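These notes open a run of structures that come right after.
Shared between the two complexes below is chain A, which has chain B as its partner in the first and chain C in the second.
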Partner chain A sequence: MIEAELTCEGDILKTAKIKRGFEERPLWKRLERLKPNEMIGWVDRFDSLCPIASEWALAQALESSMDLEIPKRTQFVRSLLNELNRLVWLATYLGQVTDTLGQRTITQQVLVLREKVFVIQEEITGGRILPQALTIGGCRRDFAMGDVQKVRQFLDGWRGQWKAWLELVSDDPLLEARLKNLMVVDASLVEKLGWWGIVGKASGVTYDSRKHRPHGAYPFIEFNIFSRQGGDAQARFHVALDEVGGTLSLLDQLLTKIPSSIDARVQAKPLQPGLFFGTAESAKGPVIAAVEVTGQEVVSSLRLFAAGQRVWPILDHLFQGMRTEDFQLAFASLGVGAEESEI
Partner chain B sequence: MMRRLVKLVFKRFRSLVRHPVVTVEFPYVVRHAHQNARVSLRNNFNECTGCHRCEKACPVHCIEILSEAYTSREKAPKTSRGVIFEARVNSFKINFNQCVNCGLCVDVCPTGSLSNDKNFVLPRQDTKHLTLDLVHRPRTFRRDQGYEE
Partner chain C sequence: MKLSAGEPRSVDLNDLREYLDKLVRDKETETFLGSVMTTKGLFILLFSHRYNEEHALIVPGTDAPRILARVYETLAGSKKGTSP
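== the complex of A and B ==
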């Protein structure tokens, strides 16, 4: 739940104070006390809608400290899990926007689609919402025999239902009219704050860590970065719709190109001192993990960053001067509160 | 504009009719859980050597084991793979109110006696009743058979 204190002057919003909670997340402190493998399992709680990206970013940071080389198949499995997880965030985002518009049926239907992703996630990883799927040097459970077919079968069914859902929102003049010119975010602000993800892409900033900081199996895959120029809620909504299509095509490629041979599991090595980073692209933008290691096997400091965190301090100013009735929709369209709406 | 709207409304009504019902009337109708689902834990005490590794690995300290060491190694029983028991487990309590289903305890189990279970732990009114002793058969909800003692 998100609490907001609004001061209005007539129909115009004078000040908006959004209380987020979890400002000082004790998760850091909890993680720093754990062993490296336990950290990866626990970091899911950073964001319940992008758990794989959080795990992967931290795993990359710890693996670079151990100087490990990850086998190609593992990279593919990680990328597959991440792409499946991106669908969860995107479906939640679309559901949140349509729910704010009062289109409850559409919301319920996109949440049904999200539920199907949870089901396949549980089937593959064992965890429905928090998969805790990665370990240092690999995945907790490699794709078993038949898992590739299962995911392919899921994709075939999901794609059809997605197209049916898309028909319900595309070509809706009321939806387009409500979202047009709402909460325009400048490209300069995006670049200043590093506000990547759908907000950045909707403003024309085509940063995507899958392309610009290649990790996992993404260098072996061809894909485009979707972007729009408007910077408004309508552009963000359309970028999210495009991203779902892009993710589905990426999943197809990953399933086709995944190496069939199972590599030997990489053994963990002692952590080397230094400052290490890892990045994984979630649907809301890249999740960046920073780990400081002092002495052997001691993580002295650990932090995770996502675009949403950097934006929260300035959010209050963005809403000033807008129409009060637009506040909720404008907030939902930014996608920064998607995970909080879940908590 | 009006025509587009009417068309859209028609599309949405049609999708309502065509969309299958997704909610189920739990507990009368229970959905199948996947084999790998991490829902609960079970322990096969014929294979559990009482090594306490799961207890140490648990990041939330929700496992509490009471065991009694065997007086001599010769008298200690063996698992099906010939691993000698370290101790006799008298009590194997798990607080399912704290358990986060991370599965780290299952990962460290040397004999594979501890495993993820797909049967739900029965919901309770008071959280203190969610601490179950696996040595004594816990009350669980079996998807195929309903509640059992």
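== the complex of A and C ==
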């Protein structure tokens, strides 16, 4: 659900003012008062659809300050959790687009798929929507015996239902016609705003921090970055579909290659003063964490950066001149929905 | 994982426009990624697609809106850059 003030002239949109809610939140001040492990749990609230990437980016920044080396199995577990979590965002995105098209049944079906991801996420981490899964140097819970098998079974079932859903939307002439040439975002705007994720990839900008800033288990896995050239809603929709397929394949590889021996728990070290960064790839693009540590192990500044923060201020202008009836669909196709709460 | 930003360079507000202009001209940045107030001033993270590199700087001072306005102005005024 979005709230917007639109001014129209005939069928053409003159101005659009999309309401986003409060622009300031006390999240950062709250985080700065917590201990490092608590910060990682709390930072889920940055974006409830991409909590693992938010946790992971912050964990990397803090671990960098402690000069910790993260064991290989832990990197695999983190990557598995991140890929599962990417399915949540992608299913939500696809649901928003199909819902805007009035395709209620198709929407419900993709939300059922999302629900299944929430269920497995809860089984593995204990948290359904905000998993609070990572800690300094590791994960709150390593994969227990049988968890690999459990995720494999989940994938088998999910993949079958995904295939059935895909058949419903693939080559649907009405859907393709509505999305084609809608809200074209060109590559130069993507680059100027760092509007990565599906918007960037749909415009031919293939920045993906899993490749460009290798982290976790991604350097040990083979995968391609999906992209299109059109830059329109149709290209974004297809990139999202491709990304789901890519994530399923990545999950398969991660489950196959995950080291079997459980790592010894990494002990936290004192935070060293300085500025530290971390980044993790969510489905909507990279989340970057910046942390300043001052003497006496105090985190004095902390911020997460994501594309939404950079895009929202210019969003209203993008809709000027388009057909009013296309507004909702164009907005949904950008993937900056109301759920995104990052500030 | 580490970003390529390295140690942020300290740039005085008065020199900021010239400094950013040069970065944009040399295609060392076109994207403003974000900012956060630190104990040393406003930390600004920029990015270059051409070099796949972050560029970090700190502008001493506490007037974040004024500093950011200068950053946005400069990036928007340059041929390749723009800002939110």
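Going forward, the second predicted complex is superposed on the first by the 336 of 343 C-alpha atoms of A that agree within 3 Å, B and C clash if a C-alpha of one lies under 4 Å from a C-alpha of the other, contacts with A are read in each partner's own complex, and residues count from 1 in each chain.
Here is the rule we go by: contacts are C-beta pairs under 8 Å (C-beta built on N, C-alpha and C of every residue); 3 or more make two chains touch, one makes a residue touch a chain.
Predicted, not measured: the structure shown is a model, and the values here were computed from it.
Participant: One more residue to check, A:T105. First (chain B), second (chain C), both or neither?
Facilitator: In the superposition, A:T105 touches chain B alone.
Participant: Now for A:K180: first (chain B), second (chain C), both, or neither, which partner does it touch?
Facilitator: The answer is neither, since A:K180 touches no partner chain.
Participant: On the A-aligned overlay, A:K14 touches which partner chain: chain B = first, chain C = second, or both, or neither?
Facilitator: Neither chain B nor chain C is touched by A:K14.
Participant: Could you say whether A:E38 touches chain B, chain C, both of them, or neither, answering first, second, both or neither?
Facilitator: first
Participant: Between chain B (first) and chain C (second), which does A:S301 come into contact with in this model arrangement: first, second, both, or neither?
Facilitator: second
Participant: When the two structures are overlaid on chain A, which partner does A:R141 contact: first (chain B), second (chain C), both, or neither?
Facilitator: Touch partner of A:R141: chain B, not chain C.
Participant: Quick check on the superposed pair: does A:R323 touch chain B, chain C, both, or neither? Answer first, second, both or neither.
Facilitator: Neither partner.
Participant: Of all the chain A residues, which ones make contact with chain B and with chain C?
Facilitator: Common to the two interfaces on chain A: nothing.
Participant: Which of the residues in chain A end up touching chain B in this complex?
Facilitator: 34, 37-38, 41-42, 105-106, 109, 112, 115, 119, 122-128, 130, 132, 140-141, 164, 167-168, 171-174
Participant: Which positions of chain A touch chain C when the two form their complex?
Facilitator: Where chain A meets chain C, its residues are 60, 64, 191-194, 205, 207, 212-216, 275, 277-279, 288, 290, 292, 294, 300-303, 305, 309-314.
Participant: Flag every residue of chain C that touches chain A in the complex, lowest number first.
Facilitator: 1-3, 5, 7-8, 30-39, 43, 45, 47, 49, 52, 54, 56, 81-84
Participant: Would you tell me which residues of chain B are touching chain A in their complex?
Facilitator: It is residues 1, 4-5, 8, 11-12, 15-16, 19, 22, 34, 36-38, 57, 59, 100-104, 107, 116 of chain B that touch chain A.
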